[in-house]
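Next up: the structures, one after another.
What follows is a pair of complexes built around chain A, which joins chain B in one and chain C in the other.
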Partner chain A sequence: MEHFRLFVLPFYAGAIFLLITLLFKYIYWFVGLSREQKRLFWRSLPTRATWKSILEIINESLLHRKIWRTNPLLGYMHTSFALGWFLLITVGWIETYVYFKGEGVPLYVDIFFSYYVHPIFERAFNFSLIKDALLLLILIGVGLALFKRIRSRVMGMKRTTKHMLGDRIALTALWLIFPARLLAESLTSAEVWRFGGYVWTLSENTQLIPPGIGCGSFLTGSLGQWLANFLPARIIEAQHIELGAWWIYSIALGVFFIALPFSRYMHIFTEMPLIFLRNAGLRASEKETTYDRFQIDACSRCGICIDPCQLQSGADIQGVQAVYFLRDRRYGRLTDAVADNCLMCGRCQQACPVGIEQNTLRLNSRAKRAYPDAPNRYAYIQGKDPSTGEGKVGYFAGCMTLLTPRILLAMEQIFAAAHETVWWADKNGGVCCGRPLKLAGEVDAARKMMNFNKELFQKHGITTLVTSCPICLKVFKEDYQLEGIEVLHHSEYIQRLLAEGRLHLHAGSETFTYHDPCELGRGGGIYDAPREVIAALGILKEPAETREHALCCGSSIANTAIDDEGQRRISGQVATALAATGATSIVTACPLCKKGIAREATIPVYDLAEIVARAI
Partner chain B sequence: MTGRVIIIGGGVAGMQTAITLDELGFKPVLIEKEESLGGKLCRWDRLFPTMTPAHEVLDDLRNRLGSTSTEVHTATTVSGIEEEGRGVTLTDGRHLEAEAVVVASGFDIFPAERKEEYGYGLYDNVYTTVDVERMFREGGVRMANGQTPKTVAFLHCVGSRDEKVNQRHCSRVCCITGVKQAIEVKQQIPDAEIFSFYMDMRMFGPGYEELYRQAQQQYNIHFIRGRISEASPTIDHRIHIKAEDTLIGRPLRMSVDMLILAVGMQAGASNEAFSQNRHIELYPSGFLRPLNQFAGNVRSSSPRLFYAGTVTAPKNIGESINEGIAAAYQVARTLNSKRP
Partner chain C sequence: MTSWGYSISRPRSIDIDRNDMSYSKELLREYPELQTCIACGNCTAACTAANFTSFSLRKVHTLVRRGEYQGMAEELEKCMLCGKCRLACPRGINTRQIVLTIKKHLANRSR
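Up next is the complex of A and B:
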C-alpha cells in the first residue's frame, strides 16, 4: 500500500464498476443468443474472420477510418480520443513496467504515474515526450469537440445529435479528463521545478532532482515551469492545488467510467464484441435477438446518420432518425411514432461508421408490437390461381406495377419483341409479394402471402422470375428461397436480352437521368444493369447524389407515419436534384419511385421498360 | 388617360368583364390564347342543371361583346403582367399598355393520364367528362368500336381532393357534371346500366340536389360510395374495375363497356408566370389568391390588378359571369377616382 493515496479512490471505484457492468452485460447478451448464433461465433474462432475482426477493430474502433472519409476534422476528433487515449494508456503501462521493472504495482500507479514518478529526460528514451505529444493530440480533439458544438458545419455535419442528461454528464466528464490531467501533471512538475523531487530511475538508486529542472516534457514541463514562476512558493509547497488537480482528474475518470455503461460511450467497448460477432456471420433478423443489443449499444450517437436522412432534410421531421431510434429502443422508450416514421431507404445505414443494420432493427421493432396473426386471415386466397399463360419465364408485376399500367404494357411489348413465352403471375390481379406487410412488422401475415406465391411459382414450373418492382424483387430474393428459379429485376432481364441479341433498340441522342430506387440499389445492389440499358438508348446524366448515395423518392411503403405533405416535399427534393442534371426526362426502375417522383417533377418520369419499349 | 383595360382570358368571365367595362365607358382589350372566344365552354354540349345548350350562353355573350368597341386579340398569349397593372407582355415579346389588368385566365382541366391506374390514354373506352361532351355534340356516346355501350361507370373526383396528385381542393362542378352526363347517357341509351363511383356528392347549387335525386329515382343510376382503385382492359376491350363499396364495406369488381373519369379543375399553367408580379399571390393549390375571400374576391393587393372567374378557384358559369361584372365595377371605381 506504499503507493496508495486517497485521490485514487474515485478512479478505482469507477474502473471496477465499469468492468463488472461490462462483463455482466456482454455475458448476459451472449447467453441470450440463439444456439445457432452461438455456434456461428465459436466456429469463427480462430479463423480468418478473427484476423479480419482484429484488423477491423484497429481500423474502426481506434483509427475510425470511415469517419475520416465523412470529414477529416471529424475523423481527427474521433481518432484523437480513441487512438490517443489508447496509446496514452499503453505508453503509461509500458513506462510503469520499465520504471518498476515488472514489479506488480497497483493499476492506479499506471494511471497516476506522473504523480509518483518524476522522470527527467533520460538520454536513451523519453516517455514524457511521447505522453505529452499524445496528450496534446487529445487536447486538440477536445478543442474540436467543443468547436463542433458551435460550428458543426465546418466538421461536415449540418445537424448534430441532441443528447440526453446521462450523455451530457459523461460528455462533461470526458472533456474534463484531459485538461485535468494536463493541470495535475503540470502542477506536479511545478513543484519539482521549484523544490526538487525524486525519481525512480532506471538504476537501483533513487535519485534526487534538484530545483530548477522540473519534470515532464514540452507540454507539462513547460507549463509546470511557468506555474512555478507564476504561483507563490507557499501555495506550491502546501501541495493543496496539486492534490486538488489529481483529485479532479480521478473524479472525472470515475464519473466517466460509472456513466459509461449507461451513456453513448458504451460504444467504445461494445463495438469490439460486435465486430467479432458480425464477422462470425451474425445478422439481425425480423425477430429481436440479444445480438441486436450489441448493435444498439455500439451506436456512439455521433449523429452522422442525421444529415443523410431526407425526413429531416426534406420534410423537417426531427427526432426519428436512426440515432434517436436506437437511443429510444436502447432505453426502452421507443414509441410507434418513431418506429414507424422511417422510409427505410438505407441512407443512414450507408453513412453509419459502425455499420449498424438500421433497417432490420427498425423492422424487428415493428414486428415486436404487431398483433398476433389471426389463423383465418387471408383464408380467401387459398386455392386461387389468377395466373395466365404458360412459359419457363414468369413475370410478376406486383401491386404497384398494376397501378402504373404503362410499365406492364411496356413489358408485354418487350417480351413479345424477344419472342419470350411468358407465364403471367398476376396480370389479372394477384396476391401481394408480402413485403409491405413485412415492412410494417406483420411478418407472420407476410409469410402467408409469401407461401402462396411461392407455391404458385413452383406449381407452374418456371425457371426464371422477372419482376419490374424492386420491392417484390427484394422479398423474392431474401425470403422466398426459390430454389431452381432465377429471380431477375426487369432491368437485368432487359440487359440480358440486349447482350444475347434478342432485343434490338434504336439508340437516340435523348438525355436521361437515372434515379436509383432504394430497394434496387442500396437494397439489392443493382446499379449497373439499368445504366447499361439506358446507355444503349441515349445519354445518361448522373445526379449529384447517385448509386449508394442516391436520394429516396419519399413514397416508400416502409413509412406508415409520414403524411402526404412530407412525402410531397421529399419528392420535390429528389425531382429538383434530378432536373438539375439538365436531362430531358427522368428514368427510374421502380413503379413506386415513378409515381413518387412524378408528383413534383417538371420533366417526364418513365420506367426503364417504357423507354425500352418505345425504342423497339 | 386612355381608359384601356386589359382582360387576360376570353372565357365567360373575361367576355362579361369586357361587356361591362364597355358599358361603363372604358376601352376593354380582350386577350385570348385560343383561336376563338369562349374558353372551356366551347367544348360543352349542355349545361347543368337545366340542360340549357352551352351555345345559347355563349352566343349571347359573343353577340353582346360584338356590339361593344372591345379590342379583341385571339391566338395571343400573355407571358407576364407588368407591375401595378400598367400592361402585359406577350409571348411574342410585344407590350400592351393599359391602366388596369383583369386576370380571367381560368383553369386547366386535370390531365387524367396522371392517374395512370385508370388507364386513360392507355386503354380503349376510358374517357373523361370532357370527351363525353364532345361525343354528345357529335351525336352521342359511342365505344371505340362504334357500338353503343351497355354498361357505363362514372368515376368522380379524378384530380380533385386527391393528395397523391397534389390536388387537394374540391373542383365543385364535377359532381353535378357527372350526374348530368349520367342522365344524358341514360336518355340516349335507356337500357344502359350506369354506375357512379363517388366519395361525396356535393350538390351546392340551386336545382343540383333535385337533379341528383332524379338521377337516382327516375333514371335508376346506381351511386356507389367508393373510389375505383384500378382499371384494366379485358380481352374484348371492356374495362375491368376494382373498387370498394364503402357503405357496405365490401370490395367489388365488375366489367363495364365504358369508364368515364370526372376530371377536376386544376390551377391554370400560366398562374405561375403571372405570380412573378409581386402583387399576385398563389394559393398552395396554384390558384390565384384574391385580396380576401369576402369583400375582396376580385381584387389583388394592387389597386390596378383584378381577378374574375376560375382563375382564383373552381366556380360554375353563373359565378364566373358575376365576377366579371364585379371586376369591371372595381376597375371603374379605381380609374374614375384617378380622373381629374
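Up next is the complex of A and C:
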C-alpha cells in the first residue's frame, strides 16, 4: 500500500457504484421478463445467435458501422470514443500484465499506470506509443464532439438533441476525461524529464531514470518535454500541478461513472445485453415488458432520429421525436401529448443506429393508459354478416377504401376483367380491421374487431384475402393469424394477375411517380409489387426520398394529436417532393395516402387500382 | 284566466341554465376548433359503427357541448376509432382525439 495515493479514490467510488447499479438494473429487468422470453434467451445461448451477437457488438457497439453510413465524421466521433477508449483500457491491461509479468498489482496501478510506472520515452514501437496514438484518436473525437455543438450540419445533422442537466454533467465529465489524462501523463513526464525519476518494478531495486529522458511517447512525452522547459522548475518539483491533474482525471472518471446509469451514457453497456436478447428473438409487444427497459436505456439520444421526423421538418412540432419520447418514458414523465403525437411512419426507426422498436414502444405506452374494456363493448356487431357474394377470393375494402369509392369501383373492374368470383367482405360497410384502435392503445377493444372479421373470413371459406388498404393488410398479417388464408395487398394481387396473363393492360407513355405508403413499405416490406405494376402501364419516376426512406403523407391514423394544419403541412411537403419528379400524376397504394396527398397536390393523385382499371 | 295549453313541458325542455357546463367549457378551451363545428353530420354519415348501431358523433358532440353528459361515455364506446369522420369533416376537426378526450374525461368523472 506504500504506493497508494488518495487521488485514486474518486475513480474507485465511481467504478464500484457503476458496477453495482448496472448489475442491479440488468438482473432486475431480466428477472422481470416473462417465462417465455427467458426461455428464448437461454435456448439461444448455445446456438449461432451468440456468435451473431458478439459480431454485432463489435460492429455496432465498438465500430458503430451504421453511424458511419449516416455520416463519416459522425461515425468517426462515435468510433473514436467507443473503440478508442475500449482499446486504451485493453492495451493498458495488457501492458500492465506484460510489465509485471503476470504478477497481481492493485487496480489503481492499471488505471493510473503512467503515474506509477514511468515508462521510459524511447523512439521505439511500444505500449506507450500505442496508448498515445489511441489517446490522440479520442482527443480528435472530443474535438469533433465540441465542433458538433457549434456546427452540427457539417456532421450530417440539421438538428441535435436538446439535453437535460444530468446528461450535460455526464457529457462534461466524459469530455474532460481525455484532456485531463493527456495533461496528467504529460506533467508526470515533465517531472521525470526535468529531475529524473524511477521505473517502478516489483523487485526492490527500482531502475533510476536520469534527467533529460522523460517518459511516455510522442504525445505525452513530447508535451512533457515542452512543459518541462516551459514551466518553472520549482513548480514541477512541488508536484502540485501534476497531482492536481491526476486528481482531475480521477474525479472526471468518478463523476462520469456515477452519472452514467442515470444519463444517456447508459447506452454504452445496455446495448450489449439488448443485442443478445434481440438475437435470441425477443421483441417488444403491444403490452409493456421489462425487455422494453433494455431498449429504452440503450437509446444514446444521439438525435439521428430527429432529422427524419416530418413532424419536426414539416409541421414544426418539437419535443415529441423518438429520442424525447424514449427519454420521457425512461424517467417516468411521459405525457399523452408526447405519446400521441407520432405518425408511426417508421422513419426514425429506419434511421436508428441502435435498432430500437420505436413504434411498438410508443404503442405499448399508449396501451398502458387505456381503460379496461367493458365486456359488452361492441356487442352490437355480434352475429352480423355484412358480406355479399361468394368466392374463394375475398376482398376487404376497409374503412378508408369505402371512403374513396373510386378505388372500390376500380377493384370491381379489375376482378371482373380477370373473371374472378369474389366474396366482398365489406362492400356495403363492414367492421373496422381493428388497427386504428390498436394504434390508439385500445388493444383489447381491437381484439374484438379482429375476432369478428377473422370468424367472418373463416365462415366464408376464402383462401385468398385481398385488401387495398395497407393498414388492414398489416393487421391481417401480424395479428389475425389467418391460417390457410393468403393475405395479399391489391398491388401484389394485380402483379400476380399480370404475371399469370389473366389481366392485359394497355401500356402508355404517361409518367407516374410513386408514393410508398408507410404501412406498406417500411411497415410491410412491399416495395416492388406496385412499382412493377406501374412499369407495365407507363414510366415511373422515383422521388428523391423513396422506398425505405419515403416520406409520410401526414394523415396517418396513428397520430391522434396532430391538428389539421399540421397534417396539411406534411401533406404539402410530400406533395411538393412528388411533383418535383416532373411526373404528370402521383400514384400511391393506400386510400388514406391518396386522400392525404390529394389535399395539397397540384397534380392528380391516383390509387394503383385506378390507373390499372383505366388501362384495361 | 283562460288556459291555452301552452306551457313548458319539463321532460322535453332543455334548460342550459341548469346544465353543468363545466366540462363543456373545458373541452372548448382545449379544442377551440370545436366552435367551428357546423353540425353538418358528415361524421355520422361516414361512420363505420353507424352501419350497425345507432351511433352519432354529431349527437354526442351536441349533447356534451350543452352539458348533458349522461350516458355519453357509454355511447362513445361504440366508436371503432377508424378515423373516417376526421377525413369527412369539412372543418378539419380532429374527431378521433375528441372522442378519446371526452371518453377519458367522462370515465374519470364517473369514478
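In the analysis below, the second predicted complex is superposed on the first by the 604 of 616 C-alpha atoms of A that agree within 3 Å, B and C clash if a C-alpha of one lies under 4 Å from a C-alpha of the other, contacts with A are read in each partner's own complex, and residues count from 1 in each chain.
By our rule, contacts are C-beta pairs under 8 Å (C-beta built on N, C-alpha and C of every residue); 3 or more make two chains touch, one makes a residue touch a chain.
Quick caveat: nothing in here was measured; it's all calculated off a predicted structure.
Chemist: Clash or fit: chain B against chain C, after overlaying the two structures on chain A?
Modeler: clash
Chemist: Is A:598 touching the first partner chain B, the second partner chain C, both, or neither of them?
Modeler: The first partner, chain B, only.
Chemist: Could you look at A:432 and tell me whether it touches chain B, chain C, both or neither (first, second, both, neither)?
Modeler: second
Chemist: Comparing chain B against chain C, which has contacts with more of the residues in chain A?
Modeler: Partner touching more chain A residues in the overlay: C.
Chemist: Just checking: does A:378 make contact with chain B only, chain C only, both, or neither of them? Give me first, second, both or neither.
Modeler: A:378 contacts chain C only, not chain B.
Chemist: Which partner does A:442 contact after superposing on A: first (chain B), second (chain C), both, neither?
Modeler: In the superposed model, A:442 contacts chain C only, not chain B.
Chemist: Determine, under the contact definition given at the top, whether A:561 touches first (chain B), second (chain C), both, or neither.
Modeler: second
Chemist: Touch test for A:386: chain B only (first), chain C only (second), both, or neither?
Modeler: second
Chemist: Taking the superposition on A as described, I'd like to know which of chain B and chain C A:406 touches: first, second, both or neither.
Modeler: first
Chemist: Which residues form the common part of the chain A surface touched by chain B and by chain C?
Modeler: Of chain A, residues 402-403, 428-429, 564, 595 contact chain B in one complex and chain C in the other.
Chemist: Residues of chain C touching chain A in their complex?
Modeler: 33, 46, 48-49, 51-53, 74, 77-78, 80-84, 87-88, 92-94, 96-97, 100, 104, 107
Chemist: Provide the residue numbers of chain B that touch chain A in the complex, in ascending order.
Modeler: The contact residues of chain B facing chain A are 114, 116-117, 119, 122-123, 163-166, 229-230, 232, 240, 242.
Chemist: Within their complex, state which residues of chain A touch chain C.
Modeler: For chain A paired with chain C, touching residues are 340, 371, 374, 377-378, 380-381, 384, 386, 399-400, 402-403, 428-432, 436-437, 440, 442, 449, 555, 557, 560-565, 592, 595.
Chemist: Which bits of chain A are touching chain B when the two form their complex?
Modeler: 402-406, 409, 428-429, 564, 568, 595, 598-600
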